[in-house]
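Below, chain A partners chain B and then partners chain C, in two separate complexes.
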Partner chain A sequence: MTWRDAITLARRSVGRRGGRAVLTVLAVALGSALLSSLLIASGAAKQRVLDQVTAGGPLSGIKVDAAAPTPVALDTDNPRPGPPRRIDDAALQKISQLRDVTSVLPIIATPMVVVPPPVLPAAAHSSHQDNGPIFDSAIGVDLSRVNQLPIAIVAGRLPDPGSQTEIAVTVDFLQRIGVTNTNAKAIVGTQVTMGAPRLFNSGIGRRSRVRWTHAQIVGVVSQDAGDGLYVVSLELARAARAWSTAGAPIDALGPSPSQYSTLFVVAHGLNNVTGVRAEINTVGYSTSAPESLITQVQRYVHVVELVLAGIGLIGLAIAALGISNAMLAAIRERRREIGVLKAVGAADRDVRRIFLVEAGTLGFAGGTIGAATGLLVARSLAAVVNGYLASQDLQTVHLGVPIALLAAVVVGATVLALAAGTLPAIRAARMPARQAIGDE
Partner chain B sequence: MLAACSSGSHGAAPAHSIAPSAVRETVLAIGGSATEGDGVRDRLQDAWPYIVFRDDLPALAAFVNGALDDATVAHALTTQAPLAKELKPEIVEIWLGADDLLAATPIPSFTLAFTRLVETLRADGAQRILVADLPTAYGALAAQYNVAIHSVITATHGELVSLATARVTLAPTDGLTPQPDEASHRLVAAAFAREIARGQSSRP
Partner chain C sequence: MLDGIDFDVDAGSVVAITGVSGSGKTTLLSVLGGLDRPQGGAVTVGGQDLSTLDRDRTARYRREVVGFVFQDFGLLGQLTALENVELALTFERVSRRRRRARARELLTGVGLADRLGHRPRALSGGEKQRVAIARALANEPRLVLADEPTGNLDAASTAIVLEMLMQVPARHGSTVIVVTHDDAVAGLADRTLHLVDGQIAAP
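For the complex of A and B:
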């Protein structure tokens, strides 16, 4: 008997007992849907938590401060930096060449005054808005490699690399001008006046001169690359810093004397973060990285994933028992058919094959339907959760299509069905032809 | 902390759309108390150099207000003119003379210092130098200083922004000498804007 004959006989058998087959497929589908939806939801939750911890940046990101390390710098994720120490191109080069360093991105923080745009009344959460100039820091980053930085887009987009006229503002800026996160889009596309301040000593004391330019807000971001309300191109920050540093020092808010205020180093994997931090420490700079926090979060989330997967697997196991039961019932009903097959020369393995094909078909169909349903359920859940998060002015959850996970659920359901069908198939195969026909 | 930002302001959004990458044009303002914005409630909104920057300069312009209060021409030569060397401005807007008038700077010294100021700015890369004269609101002596200003403009190929007949009103301010009111700032801004536009339209 060929595979084609076995498939034909299995299909005919499923067709003859349509009601039972549908119920069996539904049981497998339910188990698969439960498993896939729980795993998709926990995966999205894990990503959301890690994004919150890393502000959307790589898990193995390390911040290098323009400061010397303290003796206990490596004991905590966020150590207190030591005395100031300048970061220049030579230091950047040296750190880039360390073992297990994937990339090093310079960050320039520079003081910036921004006259915010007039806020649309519908976008404001308060009738009292402060539209006066806001003095804070602009964070200049290499916008062509922003995917390696802890910067997440909330609305709009990031400025073009090298742009002198585009800025992104942070969610903290929105709060300062009285706009809710849900209305972030309202200020995207508006234009602002921004200026780099310079202090100088005149005859009557310290005065300021500001180099003003026009700029367009192209996006709203959540960022942890530096302490500042504005994200701009490295070139814009460099020009602003050059103007500001030519004057007298601007107290604590002024531009750092360091060429780069921070370096963002990406280590080759989370496991290497500690080693890279130690090496940078040896070079002479203080570092911070949420490595302990990330490890703890991953550990806790993994426990949750195991529990949820366990619940899903119990559902699938119950479905597998249903397959086994259905197959055993089918053997009892099909004794005559088995006897005839054996009488006309079918071997044990041929009979076993028919029943395994039938079980596998039910498992595959149930797994496919279940995986698709699980994705739909997870998306529905995400929509409800996102509605709540948005109402609380929190960043929403992004749910992709985890193709590998869905494929694994389909394969898993099929394999489980085959395992559940093995015992009935063996029993059917071992049944003597005379007994099968005689019992009828 | 920042003098230019010390007063409240409304959103000052320019009416231009901005291309992300283009060459900037730098504009430098040189002047005294009025140019710095003394006497108006919100200098970023209401002082004439900021009105010109906001409403009349190209979207890609960078603007620095170098003005200082009580600045005579001689004072501006040492404290404001050096900015041109650093900024290499395409346009310099100058409104000086009021503090020389108050300090009774002799006309020959005034003329000499003003000539040196414009020549220094020119030598440091300023392409267009727009010089405003004094409105009659500053008193009868303004006419004498205006004669000197006009002669400097002619000698140095500057561009005159005529305010002599403009209806500028000086209003008393707390602890300061009377300063142009907000309506006058708008008049001054309009005069500078007209001159800037005239020069740009005559360019090839």
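For the complex of A and C:
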């Protein structure tokens, strides 16, 4: 019997026992869907987390301080900076041109006074009766490239790029005004008065003057881009700094003399972080990066990936047992048919081939349906996750169609079904031909 | 259980085997057809000792030498009449075109030219048995073994099926051995063997 004839016969046999075939295919499809969706999801998580880490992103960013490096700068993730050293456009340009540097984002920290409204919204449930002006730093960042910065939205949104009237406040700011994180949403939309201070010398000594402006809190963030309670556009911070530095000589309370307080450098992959840090040190700046943390994250993500694949494989193994069970039951029911096949000339290998092809057909059908379902499930999950990521102004996950993975699931399900069908097929092949004819 | 049975059959004849239930008729048919293996003694068909054949050679014997007709037809429900007849040639690795032509010819010969694409459930009992006869003849066997071929048929179908079986030696050159309870069937055979307790009774 040729394979082609065996396939034709197996297809007809599967079609004749539609109910059982559907249930068996569903079992395989379920296992395959579980495996493929978990693998796709873990692959996407890997892409979203590990690739951000290893191919460049906020987690693999290197902070360049406006300070010279110390001799042991590369020995720790957060070394103590050396003497102050200004970061200007020339330094930014020089660091941008270093090998394995993907991008460099300037950060401007400048003094800022924010006066909360006398009465906060009731929904904020502030524990403070009266909030006075809060003096701290505003962190100016390029809001068009915020995906590359370690800034996460807690509520609301980030200010529009270039905005002079929108600010985001940090969760630390909430604590300063007596609002808990759970009520963060309540203060979004609140109008505040903010101003950049300028020191000047007068006849009676050094005094400060603030250029006030009205602004709106558009969001609450958690950020690690710099030390400050406010996140603003780079343009707003630049203007505020220019105002502040135009006054009397800078002192400890004033803005940094450096044009940029920090540079955030994204290296091309985690493997290059150490090398890029060394090069930046050579240029003359102190750096810090959470390298050891990221390495551990990589390991954990890999473990999660293995666990998810294991769960999927268990699902597929259960489906394989289902195939084996269904085939054994079918053989018990089809003893007469097997006998007839042998009576009309089928050898043991022909019967074995027919039943193996049947098992393979069920596995292939289940694997194909399962892979397609798995892709749909993964896409549905991705849509939910992307909705959340988009609400946080974060880069969304792109799943695509992982053809190789889906093909591997189909092939795997077929091979597993063949393996599960081997014992029943051998048992069918060994059945005596006399089953064709009833005993007297 | 068969006990000391020894008989010769002339090629091209029709032999009826009769006997009460449990007399060993079907067991004899199984042994002759290579469906079962005798625990002792020898079964020689056309000079070939079946008791010495391994499983593969026994399968080849069934494929090349024997054609079966069962009481309950033994057709595969998932195949059409044409495909059921083709099945016997499938294991011989005959090309699809040739076996299809052969199956069509045989089914036409048993008067089922208009039933080629019908599944067994769409055929009457008589039609099913005619398909079974066509299938039994597909590989041009030297021996056609029929187990109660009219046991499930009405009188009209019985007459048609019997007529076809009796014509097999003349039209196809095969020897036919029919196991039957029916004296009318036995009456049409060239020779009748009566089994009693696994032994051939004296005529």
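Heads up, the rule we're going with is that the second predicted complex is superposed on the first by the 243 of 440 C-alpha atoms of A that agree within 3 Å, B and C clash if a C-alpha of one lies under 4 Å from a C-alpha of the other, contacts with A are read in each partner's own complex, and residues count from 1 in each chain.
As a working rule, a contact is a pair of C-beta atoms (placed from the backbone, for glycine too) under 8 Å apart; a residue touches a chain by one contact, two chains touch by 3 or more.
Here the structure is a predicted model, which is why all the values come from computation and not from measurement.
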Check your understanding: Which partner does A:210 contact after superposing on A: first (chain B), second (chain C), both, neither?
Key -> first
Practice item. Considering only touches as defined above, state whether A:175 meets chain B (first), chain C (second), both or neither. Key: neither
Exercise for review: State whether A:2 touches chain B only (first), chain C only (second), both chains, or neither.
Suggested key: second
Check your understanding: Looking at the overlay, does A:190 come into contact with chain B only (first), chain C only (second), both, or neither?
Key -> first
Review point. In the superposed arrangement, which partner chain does A:346 touch: chain B (first), chain C (second), both, or neither?
Key: second
Study note, to complete from the structure: Both partners, chain B and chain C, contact chain A at residues none
Point to revise | chain A-touching residues of chain C, taken from the complex the two chains share | key: 21-27, 29-30, 33-36, 55-56, 58-60, 62-64, 68, 70-72, 74-79, 87-88, 90-93, 135, 139, 147
Practice item. Would you mind writing out the residues of chain A in touch with chain C in their complex? Key: 1-2, 5, 9, 12-13, 15-16, 336-337, 339-348, 350, 432-434, 436-440
Point to revise | Touching residues (chain side chain A, partner chain B) in the complex | key: 113, 115-119, 131-133, 135, 159-160, 162-166, 190-193, 195, 197, 202, 207-216, 246
Point to revise | Of chain B, residues touching chain A in the complex | key: 1-5, 8-14, 16-22, 24, 44, 50, 53-54, 59-66, 68, 79, 83, 86
